[in-house]
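These notes are about the structure you will find just below.
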Amino acid sequence: MNKTYDVLIIGAGINGCSIAYQTASRNRRTVVLEKNTVGAEASSAAAGMLGAQSEMEEYSPFFEFARRSRSMFPELVPELEEKSGTAVSYVRNGMIKVADTPEEQERLARMYAFQKRAGEEVEWLQPDMVKTIDRSIGGDYFGAIYLQGDGQVKAPELTKAYAGAAVREGAEFYEYTPALGFIFENGRVTGVETPQGRFYADQIVLAGGAWSRFMPPLGEELPPLIPVKGECVGLHSKRPIVEKTVHASDFYIVPKPGGSIIIGATEREGEMGKEVSAEAVQHLLHKACRLVPGLGRASWQYAWSGVRPQSADGKPYLGQTAFDGLWMAAGHYRNGILLSAVTGTWMADLLEGKAQEQEWIDAFSPQRLIHRKEEEIIGTDY
Amino acid sequence: MNKTYDVLIIGAGINGCSIAYQTASRNRRTVVLEKNTVGAEASSAAAGMLGAQSEMEEYSPFFEFARRSRSMFPELVPELEEKSGTAVSYVRNGMIKVADTPEEQERLARMYAFQKRAGEEVEWLQPDMVKTIDRSIGGDYFGAIYLQGDGQVKAPELTKAYAGAAVREGAEFYEYTPALGFIFENGRVTGVETPQGRFYADQIVLAGGAWSRFMPPLGEELPPLIPVKGECVGLHSKRPIVEKTVHASDFYIVPKPGGSIIIGATEREGEMGKEVSAEAVQHLLHKACRLVPGLGRASWQYAWSGVRPQSADGKPYLGQTAFDGLWMAAGHYRNGILLSAVTGTWMADLLEGKAQEQEWIDAFSPQRLIHRKEEEIIGTDY
Amino acid sequence: MNKTYDVLIIGAGINGCSIAYQTASRNRRTVVLEKNTVGAEASSAAAGMLGAQSEMEEYSPFFEFARRSRSMFPELVPELEEKSGTAVSYVRNGMIKVADTPEEQERLARMYAFQKRAGEEVEWLQPDMVKTIDRSIGGDYFGAIYLQGDGQVKAPELTKAYAGAAVREGAEFYEYTPALGFIFENGRVTGVETPQGRFYADQIVLAGGAWSRFMPPLGEELPPLIPVKGECVGLHSKRPIVEKTVHASDFYIVPKPGGSIIIGATEREGEMGKEVSAEAVQHLLHKACRLVPGLGRASWQYAWSGVRPQSADGKPYLGQTAFDGLWMAAGHYRNGILLSAVTGTWMADLLEGKAQEQEWIDAFSPQRLIHRKEEEIIGTDY
Amino acid sequence: MNKTYDVLIIGAGINGCSIAYQTASRNRRTVVLEKNTVGAEASSAAAGMLGAQSEMEEYSPFFEFARRSRSMFPELVPELEEKSGTAVSYVRNGMIKVADTPEEQERLARMYAFQKRAGEEVEWLQPDMVKTIDRSIGGDYFGAIYLQGDGQVKAPELTKAYAGAAVREGAEFYEYTPALGFIFENGRVTGVETPQGRFYADQIVLAGGAWSRFMPPLGEELPPLIPVKGECVGLHSKRPIVEKTVHASDFYIVPKPGGSIIIGATEREGEMGKEVSAEAVQHLLHKACRLVPGLGRASWQYAWSGVRPQSADGKPYLGQTAFDGLWMAAGHYRNGILLSAVTGTWMADLLEGKAQEQEWIDAFSPQRLIHRKEEEIIGTDY
């Protein structure tokens, strides 16, 4: 069984699905190969905050890219919900970033200044003002910034909505169908070997998250990706406990519509696997209950983890690889949900040769870091 | 711990929650006692069709009641979704009722005539026209009626949405709090005994579904309720298989937004308990796959059951009981989801002494059937 | 549907099932009515330690009763496993009771002295010796006692094994069949009302755990039972972390065969319901990881809770109630698993009028505490 | 992180775990790499019958191999249970093979004759005698053979027991650690690339079941393996329905200790993935309920699937591959549970150069079929 397509996407995570939705909408014959099921990994483990751009302290193409993506949600979400029948729970309940050390206070102050300059809706809160924004916050802190317009989605649902909308637009999805290797013809990648047979396409997009680098036989020729496991816990409360998303230096609390509350996330570099350690549960609950004491009364639901794909310099790899016919869209690290909107449209532009933003082309090229040693580049801030 | 309220509702099924939402919205201090959790029984087991009124063949107060309820959903659903943060997946995908025997054809023809007279959007389909409405339908049949405007919701979500909106309006919910018995003072029911202590209220509403009759010491003084277990199976398909709700004489197929497909339901009179029998699974799948052959390729998800409370004459019990202070809202049988909208507002009217519809007051009074022997009334058609 | 039996047992918890096994084995026609499923409540939530008698500091009939039960397991377990086909995982891995305060040290010393006098295998461990028994124990403590012969079972499996063996011996089980009320004839309890009809029996045994007191219309005429919710968490480790059961003043760590590790249990008096609070999870993990640091690396599995039935004086109610025909076997509190063996045989003796142990008859009579106010008796140590 | 071992096994299915147990017991430093968790695929999906040898109609090395394995269970199981703490539920309840067509009757007669000659305990049952062995069997059939001594285990538990015992003997297990590729040095396979770093070993055993062939870059140099998905359903009954394992031409019914009943299994060649189709559930239930009508009353539990690795000629691949340093133990198809015992000891012998059975060495060599086209060899009977 050999099949031929215009675009073949490896990986049905949120970004693979978003790209599939856009290319299928443009009438390109699109297929997605997925080793497990839609959204089986990091995409379903995410807390769904759309405020990652708020972490930045200076202007960059990445900042603009994130801002563009955020601006797309108000229109994109109803479109996806209608086409897929899946509700995404997009709300804009605001986020408070709390400084729990003097150093963190300084960092937040820099962020505040930059965001203000960049025209973002951001407010500085003295320690005694924090409680006026969300009464549930207790504990000690050294000030905070408040991002009133910050939004969030239910990440597993958004992933399913992209996939459902893509199917509606004609894309085909093969779940439980791992890509085992690339097929080369005359130096060009023309297809993918799978247990279900060979799939051929004009353009192949590697969107496998932290698994993207396990694609023989390319190995060293693809840019480096480090898996970073994040562990989360979920609580539930029928009565509202905390209303805003609360972000501290090494954890966050995200109240979801309907009463769920997500507390995340650890960062375990180099770890894959689904286990959640006892110490992660203990640590997250301890931190969260100290900052928002009312959470102690919430009901325990469950713990889970996801493996985020970290690129070598913190920016995703978007664009053509060193191999003819092979493209890449991976390495979104902690920003995969936020960036999914623009990743879909912009990758569709790139594949059609229509992308104009040279700054982005340069910044995100998968070829920018090949053969550099991992030690050299890890830890470089974006 | 003794607490006092204006309205106390026993049972957090869909109708208890809807009443709580309405009374709390009218600033009445409202509490709901639930032996398990919100929507733990029949409300979460339902397929969520809103077309029960289409089963009727002649005019009755019950028909008007159902029609009123159906007309409330377009406005009520967004209101509940906004207040609760829970998406209800209300869609109007239409329903086809298929006649699989000549007798059923006659019955459908009578229904068609009545619905037409009553001003409903209904269409008669000759056998060879059925496929034009939904291509997936195969098999043999003797005609069908098509109800284009028929809608559906996700029943578990709608139940949670009523409850969430009620909490937002100030209602209190006590889960895992069974009502153990009534407290009488001077011949009036004034409260309820529970493991958490006594709860007092001016008006007490028994909305416990099939469990409503297990309320000592009233026993024979409450109208008869027969439990009828219904077993269902759930399938899933990424690619649409069937688009319309399809209803045959003893089973139905309900495609939900997002790809789930519910096939229901058996009717086991007198049975409670959560087990699903192997023969029920076999029977439902066999029938459904014969009518819609494409379903054989869908993925198995799971099987479940719910216990529907059947009143003695097929109409719900809504109104005051023979006991001062004690009201009832139970016995909705297979129409609990559809009727939840009007049950909430109309019971709130009744409790405030504002209900005008004398026809409904008479038709639904819980006192209409007391002391009649079950054998006499079971099976009477409405 | 009216049925008649020799013995009718209300409640398929571990003690109800053990009694059923014994009465059925003696060729008495036995039926068990259960509102939910076998072992649905406290019996399946227990950690399965068989060392409760080690908590006692002085001789009492209760001590002898516990010791008798413990001595029955080596023979009873293989018998149950063979008849039921359910493996019970009975092991004798020993228990260390650790003193984490000077007061606790004194209490342990008294226990040690008593256990020694009573002929138990018990050893006193100076602080620096604890690690020689189980290397995983870290943290500070003021000595410990070591009970080398202490055993444990998997409590859910033992409950199922009693039930399975009882079925094999001819007992009937009706799950999802709540007892709604007693049937009295000439001042004698002769049967039970249920949604499935009436069940009659010569002897009726109320073995409903914390639910035993919700049996209308007896109410105040039955001895007081207080629900005490206990929350637990479960971890897993492929590689052994801790080998002995470790018991500190307000929590314990129970390593199970196969790699599971149970940490329990909170004590929430007066609470029912299945929720587990975030603070309970945090508290149990914090305590356990401080005492056995290696547990931090174990994998999180899940959290659960059970409601233990506490009698007014800490001893179970076993024997005839004030009502002719009605017996009771409830109130085992934290000792239900340990006591299940002797509860089965001794209750079977009592029902046949063959029990000889007058001391036990007096100590456990359900009539010993009726009408005493709860305030007077709660907290009385046994 | 580079680690060095004597034996490295790829795949923690039942055969990988059994080999690890044997090599670790012989003091060889052993490591197992597993892409998911222990027993995550076919090993946990199996019904656990130990009677596969009964399918054979003539003498072969494979028959002797199977018979050897079967003979090991009575001693091996207690040993594994004791070391691992995991109960395996090994019982010998006998198996009835029913002929449902005249052709099947002839095949069974041949089997019977061969088994008899081979000294097996086997009995021929005329149609009217079948019910005397198991009263539950209804329906029509053309005779049966009865294998009184046939046994079964709980397959997921046996897999965990091998793994637990291997850990006890010093083996290391890395779950969630896929083998990404082999490391070659001087033409010899010396290690495996994984996301956790490189693992080196003197001998590497590929035991990845149906996934064994996805090991780049060897591809065509490894013998062919075809995935064959099998779908099963599980029922439960508190009261015994069927006592013997019942095997018909294209399905079987396996009653497990404790009340579970497994009905299996479809054979979908070339399919991987975990989905179970609605038609498979319908088909299995239909067939099983027709043969054992009482099953209709059993409770539905769930459906699942597993992917069995089929070799090209129906015999497993056991032995050295064409590559120095690389061994193989895969392709057990439907006999993986039965063969696990002898696979462990015999592979350990082979790795130490101690295996004597030249007949087996020839019959199972992974090099016997390389480069033969799949079309030529599929379907060849063993």
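To keep things simple, chains are lettered A, B, C and D as they appear, and every chain counts its residues starting from 1.
Simple rule for what comes next: a residue touches a chain if its C-beta (ideal position, glycine included) is under 8 Å from a C-beta of that chain, and two chains touch if they have at least 3 such contacts.
Molecules present, by chain and UniProt name: A, B, C, D = glycine oxidase.
The structure presented is a predicted model; accordingly, all values stated were derived computationally and were not measured.
Q: Among the chains, which one keeps its Cα centre farthest from the Cα centre of chain B (glycine oxidase)?
A: Chain D.
Q: Pick out whichever of the two, B-D or A-B, is joined by more C-beta pairs in contact.
A: When B-D is set beside A-B, the one with more contacts is B-D.
Q: If you average the CA atoms of chain A (glycine oxidase) and of chain B (glycine oxidase), how far apart do the two points sit, in angstrom?
A: Chain centroid spacing, chain A (glycine oxidase) to chain B (glycine oxidase), equals 40 Å.
Q: Can you work out the whole-Å distance between the CA centroids of chain B (glycine oxidase) and chain D (glycine oxidase)?
A: Once rounded, the distance between the two centres reads 48 Å.
Q: So which stretches of chain B (glycine oxidase) touch two or more other chains?
A: Correct list: 175, 275.
Q: Taking the touch definition from the header, please name the shape of the chain graph: line, ring, star, complete or other.
A: complete
Q: Would you pull the chain A (glycine oxidase) residues touching chain D (glycine oxidase) in the complex into a rising list?
A: 175-178, 180-181, 195-196, 214, 216-217, 219, 227, 270, 272-275
Q: Quick check on the complex: what are the chain A (glycine oxidase) residues that touch chain B (glycine oxidase)?
A: So the residues of chain A (glycine oxidase) in touch with chain B (glycine oxidase) come to 38, 84-87, 89, 91, 160, 163-164, 167, 173, 175, 238-239, 256-259.
Q: Along chain A (glycine oxidase), where are the residues that touch chain C (glycine oxidase) in the complex?
A: Chain A (glycine oxidase) reaches chain C (glycine oxidase) through residues 235, 275-282, 285-286, 288-289, 295-300, 302-303.
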